[in-house]
Amino acid sequence: MNDMVTAVLIVVGGAFMLLAGVGIVRMPDLFMRMQAATKAATLGAGCMLMAVAVHFGELTVVTRALLVTAFVFLTAPVAAHMIARAAYSVRTPLWKGTIADEFHGHEDLARQPARENLTAQQAIPSPVEGIDRLRR
Amino acid sequence: MRMFLWNLLLALAWTVSTGQFTVANLLVGLVLGYFILLFAGRAIGHSSYFSKVPQVVGFALFYLGQLILANLRVAYDVVTPTHYMQPGVIAVPLDARTDAEITLLANLITLTPGTLALDLSADRSVLYVHAMYIDNRDVDEARRQIKEGLERRVLELLR
Amino acid sequence: MATLLAILIGSLYAAGVYLILRRSLFKLILGLVLLAHGANLLIFTAGGLTRAQPPIIPPDATALPVPSADPLPQALILTAIVIGFSVLAFALVLFHRVYQTIGSDDPDELKVGEQ
Amino acid sequence: MAVGMLTAILSGFVLAILAPGLYRIVRGGAGWLLALLPLGLAIYFASHAPLIASGDALSESNSWVPALGVDLSFRLDGLSMLLSLLITGVGALILVYAGGYLAGHPQLGRLYAFLLMFMGSMLGLVLADNILLLFVFWELTSISSYLLIGFDHERAAARSAALQALLVTGGGGLALMAGLLLLGQAGGSLELSTLLLQADHLRSHPLYLPSLVLILIGAFTKSAQFPFHFWLPGAMEAPTPVSAYLHSATMVKAGIYLLARLSPALGGTDAWFLSVTTVGGVTMLLSAWLAITQSDMKRILAYSTVSALGTLTLLLGLGGTLAVQAAMAFLVGHALYKGALFLVAGTLDHQTGTRDVDRLGGLFRAMPITALAAGFAALSMAGIAPLFGFLSKELFYEAALRAPAAAWITAAAVTANILLAAAAFIVGIRPFLGKAVPTPKPAREAPLSLWMGSVVLASLGAVMGLWPALGTDGLLSAAGTAVLGETVSIHLSLWHGLTLALALSAVTLIGGVIVYVSRGLLRRLASRWESLGQFGPARWYELVLLGLNGLAGGQTRLLQSGYLRYYLMIVLVATVGLTGTTLATRGHLVKPTDWSGLHFYDVGLVVLILMATVATVLARTRLAAIAALGVVGYSVALVFVVFGAPDVAMTQFLIETLTVILFVLVFYHLPETPALSSALARGRDALIATTVGVLMTAFVLIATEVQYQPPISEYFAEHSLPDAHGRNLVNVILVDFRGLDTLGELTVLAAAGIGVYALLKLRVGKQRGTASAASGSECAPSAGDASLPIANPMPKEGEVS
Amino acid sequence: MNSLILKVATRFMLPLLLLFSIFLLLRGHNQPGGGFSGGLVGASAFVLYSFAFGVPETRQALGVDPRGLIGAGLLVAIGSGLLALFMGRPFMTSVWGQLDVPGLGTLYFGTPLVFDAGVYLVVIGVTLSVILPLAEE
Amino acid sequence: MNLLLVLPLVIPVSTAALSLLAWRRLALQRVLAIVGTAVLLGGGLALLTFVWKNGIAATQLGAWPAPFGITLVADLFSAIMVVLAGVIGLAVAVYSLASMDEPRESFGYYPLLQILLMGVCGAFLTGDLFNLYVCFEVMLMASFVLLALGGEPDQLRGAIKYVTLNLLASALFLAAVGILYGVAGTLNMADLARKLSEAAEPGTMTALAMLFLIAFGIKAAVFPLFFWLPASYHTPPVAVSAVFAGLLTKVGVYALIRVFTLIFVADAGYTHTLILVIAGLTMVTGVLGAAAQHEFRRILSFHIISQIGYMILGLGLAGLTDSPAISTLALAGSVFYIMHHIIVKTNLFLVSGVAQRLGGSFELKELGGLYRAYPGLTVLFLIPALSLAGMPPLSGFFAKLSLVQAGLGAEQYVIVAVALVVGLLTLFSMTKIWAEAFWKAAPADSLRQTLSAAEKRSLLLPIGMLAAMTVTIGLAAEPVFALATRAAEQLTDRDAYIRAVLGEPQ
Amino acid sequence: MSLYEVTLLEGAVTLGLMMAGIAMFLAFFRLVRGPSLPDRVVALDLIGIIAVGVIAAYDILTEQPVLLDAATVVALVAFLGTVAFARYVERRQQDE
């Protein structure tokens, strides 16, 4: 029974990953590749970690498996968000079939604080660097 | 109070991960957690989690359903030769205010296949989302789905 | 088994060497990294391969189950990896500075210093 | 233990160290004061005359570096006695003379120091009984000669002349060293006295010829024998006292001394006779001719000195009692008159401002004392009775007439002497006779210090000629005894009846006068042959130097090209070549056999790594390459996972990521650069790369095949838990069994940390090449700036660093 | 960067990662982990923080000068080895003290663990003193 | 004994750690540097005397029996090298007080110097091959940073070549160690010596030996692997060049001598002939390279190479003669030469720094007039310069003499001839420096600075001390050479070393 | 383990590993292919996540729970690397 569950989880996990793999190859633009890939893969990894939990059953393993899963589920979307955001900011082309882009033209609005923040950082360089700039 | 909660959490994490459920080890965990919080205290702002545990469960079930459905839809699209998706970037006006609300919402959106949180407007009032399936090209409908679906639940969960 | 890895190691060395001979500091560094990988795998393989069982005495046991991987090469590799990393970090920044100074990625531009 | 001679020698060096200070105190009188030492030493040596005269020798020996056979063993016999007296006696006069000649010169103190240092070295050379000790002093004389020739160091001519002398004599010195060591090997001892006892053994030894050749090279270079003679005229760049002392009276006699010293052991063979005699003869004739074609007094004297040295060599080549007697007599005679004439030349130069014989004349009235000294010396040189030169020349002719191939040798001797007689008139007579010629400086008689030397030497020449029995006989006999190894007694006398030798002397004199008269003609004749000069040995020297520089430059441009990738290429090729050939020729190559226990995921992993590697190599953009490299790293980590190395895997994953981050941080603002190398170059590099890869594969296969001993790891398995209280063997090894590795590794990390930080934050300003770095004061401005935050820590810097 | 989402996530993850790093350090003697991996994880935590909040804020959060950590770590490592020397044993000979904690069983405290702690500190210090200045460039 | 063997590592690394903690306290760092190096020297001398009295000393770190733990071994050769490291360290530390510019001082110069010394001493003392690799890396990393510290363009240019070529060497070294472990299953050098002596595959071992020959050859800067040296040594501050010139390549030479007298001796006819050939080519190419240079430090740098040739010449000869006496003499020659060279070469670099300070340049054509103006400095240059050229009675003469005698004894006449001629060429380029920088009149534009009393003290004191040592080693060559001979005897007696490390065979 | 007489579990794990492996290759294809930098980053991220799964599966295959820590680390660093790349992409865009 235990093995059964494990087996199923593993296979499902594998399937999700395969799906992700195919997705990242097949999807026509970056955003949809991400849509197809990262999440499916995350689920797949989750399944396999669950499989580990089920298979070993020991509490230490289970808890760690759960922690890892949680960690993956926390980080994956953040990572995806970061890439997508960056990608959009460098104007990675959208698929021709894209029907709407309400973000277009508003990026600067969104990006503004980043800009400030950046210039703010550059405004206070270390004295040494200051000299370097003079010297260059 | 919140700090103490944190501390307890860390201590627990410690005990389970070392696998020795004893008072002594819990104490060790508490002490450790205490120092870490002390150490990282400057870094951690204030945030409220783990209130309303039952809602968590309920929400989890709902979300899991969403997840599977969405996954199947994307999967179908991936494996079948023709592309059925009608993608687009839509602006979702937010009722969510606190960092936690916005973040959780964004992450859940992103985690669901088919939608992807792109960016947050500078005034944190609008969340730009890339959606794969804007059914019959109705942007507002897609917007509504997100607000009525995920956001509402997230908010009642966190408020 | 070993043969497969031996070939892999050879290829890593070859690739590394090829890269350090390019006229690009960037590729030079890539080459050094590949060489480091090659060296680490070489130690690992030369020390003898054992599948899966790490050199860790299980919590309940008092002796190492046989067969277990040889711990010594692993320790050596760990050392080598960390050393390699520190060297790489320095080299990277050094090349970065060189680029800033001579404004080129081409090592041939360094000739000036000598002749 | 006796230290008499050692002290005598060292006293020279000690005084040399004190001399500059002494000069600063005493100024004018310093020369006289310093001369007391050589004078005292001369007396010290003379005091052993009775012992020496009895054919005995004084020896002393102290150990210095016995491990290398270098001992402080000295031996004072007739020959060393003769030369020691020359060295110290002339030395004393020279020190006084120098004081007058260079009066007020800022570096006179240093000149004294170098002269004394030379005197010490020269004494050591002639007294040493240990051949390595002899070599030590030999080299020291070369160095002091270098420093003295270059005394006028701001003139390029002086510098290059000094270098020329050093390289020629130094080169000879190296040959000498090898020769002496071979001789020592053959004779089984490094003590001259011992070696000389086994002459027959040495002459028959296989190492005889090589050692003879090498030693002769040493002697010939030092004593300016053809074809090494050219450095001596060049050495005339030195101040005249130096020329008189080193390059006429003493140092150039070192080679002669060596020949004389070793002739009992090495002489008497055909090889010896032919080489030594020929070289001596050629040198004698050639330079005698060159002497009379010069107009600069010092050059005339220099060439005539070379000629005299040739004569001595010739005589030693002949060997036999008579020749050796002649040699000894000639050695002394020459030292006296040539030293005197050099001093006279210096005096004239000093008083009139020129040394050109054509611009000097009728000086007798202005400088009578100098004139007399010059006259006596010149006549002695011309070999006119009753002066000492006459006696030595007579002996020379006697020896020549008895020599094998007498006709040739005698002819050569007479010709040379005729020319030398003429040279003597040109230098010693002509400037004082005739009507006075206006000179750059109005001529006035020289002060005591400037004429004393020449007067003493010249009159000695006269005295010894008239009353040889006064000691000359004894001295020369002792010297002869020492050289020949059997007791000889020399009785010089002005008159032994109407001999053939006397006739030859007459011929010489007449010939000399004729040549003197017709010197203008001869000189014009010579000027026509001058073009020949540029094919002479001096030219060879230049060519060698040029060739050397060319070779050096070419080789350096070729090897140290400045191209990093050629450096790498050479190193790699050397590696593959050396290791590969050795492996192929001596090792046994393992055939790839072990494909056992493969799993699909092994293969998959390896394939992935290979693909990623290729992608890294071929990537067009930097970021693509970095990403591919990341894949390589991750999959390598997976290999570690597969084969049970979780610790390594974890570290590898972490490091790999940090590496990627570093790459990204470093390269994110660097623009892409095009591939620069040609297809051909790529092919070549690919070839090199492949060979390296194959080599490594071969080694791995060997390492997995061959296993001499079970690895030491079992020990860790046994002791980790009980003794080190750890279950994770890898970690236990890192922190306990092999903790030092880890400690070292930590320091590497630390250094890297500092390094990166410094590279990013510190930029010392660049002034004039790499100079700035060396001197804080120079880069003070940048120093001030860059170190500002450190000098007075500011809050901002507190965060930044 | 300045992404709210990243910031919040980081705030949440920093303590977790630090806990994990110490966890790795402490159990390294018996399970995979140890000073290196522990230190690297700890360092990555702050690297992540610097990505989310910027370098100056990270230095603040860190509170100590990375190079201080290096020096301290080195001293700790050396000290752990010297202890034995003072006791007349060879350098780096491990010195163990064991105490029986009711419920936890016997815990071994030894210089090797101290040494590993030194490693931990140095690794963090170096990694940060390499990456933070670069991130500022 | 435990203490004595460990001090040379612990002292520098502790000093480095403390200096790191005293990052902003420059004065304190300076004091630490002087004290640290002085104590290091003291410790080294204590070790040397101990080994002289009691023979080869070994300590098993962590009390783990050899070959399982790491063993520190000190025979006379190691001890001598440690002492020299101390001498150079102290001299350079003192010299740095005045010569090093404050920015560099404030960015970790002193701790790096200490780390460098730790690596060097570790390399000399370790009895474990992988630990040797680690020590090499410690030394290298420190040298990388010291070389680039300050970031002047020329420094960076030089540093890249230096770093790249040395990393290649490290990679080869690491690979060689890995393979050797795979084959012999041990890393302890004594254990390796024992196990390889009954090796089944002598040929294969020889091939592996070649890998080590290359790896160490690069570090030692032998032909044709020396390019990194002339490319970089003239770029950093003089104090750095000086310590590099004195110690770095010698670590490579040390490793060569150690490995090819202890481990790879089975196929001496082949390996040592090769070493002899390399020695000859190294001597010649190095000295010719120097002849082509016209910059003070570049000339000196190339001479390092040619003298490395002399050092390994002894090693080669030792393997090619049947007479134990000769091979001992040869190795003694090498050891003696190393001692002489380290002192003299460091000193010449230090002098070059003063010359640059006074004449404002390292370019010979821009220098001049030092002979007239600075008689003291003149003497201080002349002593090491003539010693380098092998002029008696200075240290260099006896170094050369012993090697020449060994060469004649081994009947390797060609290499002897090469050695002698190279000696003459060395004299040639020393006189070039002499004639240009000292004799020649000062160029009009060359700026004349003068040294403050404090600068005089910290610049000339070490130079004077080293010069004095040069003279002493020459005049008192006997005891020094006796020491070298004892060291050589230990090097030739492998069993003694093995016993000292592994204990009596049971 | 050999490929015959596989238990159900082994078979399942093998199957899972194979699928994951294929996915990894596909992801690698995207990484090489690009075209845009974000594409490569996504691919790298994906490879990381897949690696987590693979390690987990290998745990089961070899009965080695200790390897789980490696998986944890991978999860962490994959995220870190991705964020770094994203940061890089944006900053470069801002520099232009």
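Worth a mention:
Per-chain residue numbering starts at 1, and chain names A, B, C, D, E, F and G are given in the order in which the chains are listed.
Criterion: contacts are C-beta pairs under 8 Å (C-beta built on N, C-alpha and C of every residue); 3 or more make two chains touch, one makes a residue touch a chain.
For clarity, every value in this text was computed on a predicted model and none was experimentally measured.
Common partners of chain E and chain G, by the touch rule above, are A, C, D.
The chains touching chain F as well as chain G are C, D, E.
In this assembly, the chain whose C-alpha centre lies farthest from chain A is D. When every chain is reduced to the mean of its C-alpha atoms, the one closest to the centre of the whole protein set is F.
The chain with its Cα centre farthest from the Cα centre of chain G is D. Across every pairing of chains, the maximum count of C-beta contacts belongs to D-F.
Between the CA-based centres of chain B and chain G the separation comes to 23 Å, rounded to the whole angstrom.
Centre-to-centre separation of chain D and chain G, using mean CA positions: 70 Å. For the pair chain B and chain F, the distance between C-alpha centroids works out to 63 Å.
In this assembly, the C-alpha centroid of chain C lies 21 Å from the C-alpha centroid of chain G. In chain G, the residues touching two or more other chains are 17-18, 24-25, 37, 41, 43, 54, 58, 64, 66-67, 69-70, 72-73, 76-80, 83-87, 90, 92. Of all residues in chain C, those touching 2 or more other chains are 20, 38, 42, 45-48, 51-54, 56, 59, 72, 76, 78-79, 82-83, 86-87, 89-90, 93-95, 97, 107, 110, 112-114, listed in ascending order. Among all residues of chain F, those that touch two or more other chains are 13, 16-17, 20, 23, 61-62, 130, 134, 137, 141, 144-145, 148, 151, 153-154, 160-161, 164, 168, 175, 178-179, 181-183, 187, 230-231, 235. Here chain C touches chain D in the complex through residues 1-24, 26-27, 30, 33-34, 37-38, 40-42, 44-59, 62-64, 68-72, 74-79, 81-90, 92-97, 99, 104-108, 110-115, going by the rule given at the top. On chain G, the positions that touch chain E within their shared complex are 66-67, 69-70, 72-73, 76-77, 79-80, 83-84, 86-87, 90.
On chain D, the positions that touch chain F within their shared complex are 20, 63-70, 107, 110, 132, 135-136, 139-140, 143, 146, 150, 153-154, 156, 159, 163, 166-167, 170-171, 174-175, 177-178, 181-182, 185, 548-549, 551-553, 555-556, 559-560, 562, 564, 567-568, 570-572, 574-575, 578-579, 582-583, 585-588, 696, 699-700, 702-704, 706-712, 715-716, 719, 736-741, 743-745, 747-748, 750-752, 754-755, 757-759, 761-764, 766, 768-777, 779, 782-783, 786-787, 790-791, 793, 801.
Those residues of chain D whose C-beta lies close enough to touch chain C in the complex are 557, 560-565, 568-569, 572, 592-598, 602-603, 606, 609-610, 613-614, 616-617, 622, 625, 629, 632-633, 636, 639-640, 642-648, 651-652, 655, 658-659, 662-663, 666-667, 670, 673, 675-677, 685-686, 688-690, 692-697, 699-701, 703-704, 707, 711-713, 716-717, 720-721, 727-730, 732-734, 737-738, 741-742, 745, 748-749, 751-753, 755-756, 759-760. Those residues of chain A that touch chain B in the shared complex are 16, 19, 22-23, 26-29, 31-32, 34-36, 39-40, 42-43, 58-60, 63-64, 67, 73-74, 76-78, 80-81, 84-85, 88, 94-95, 97-104, 106-107, 109-113.
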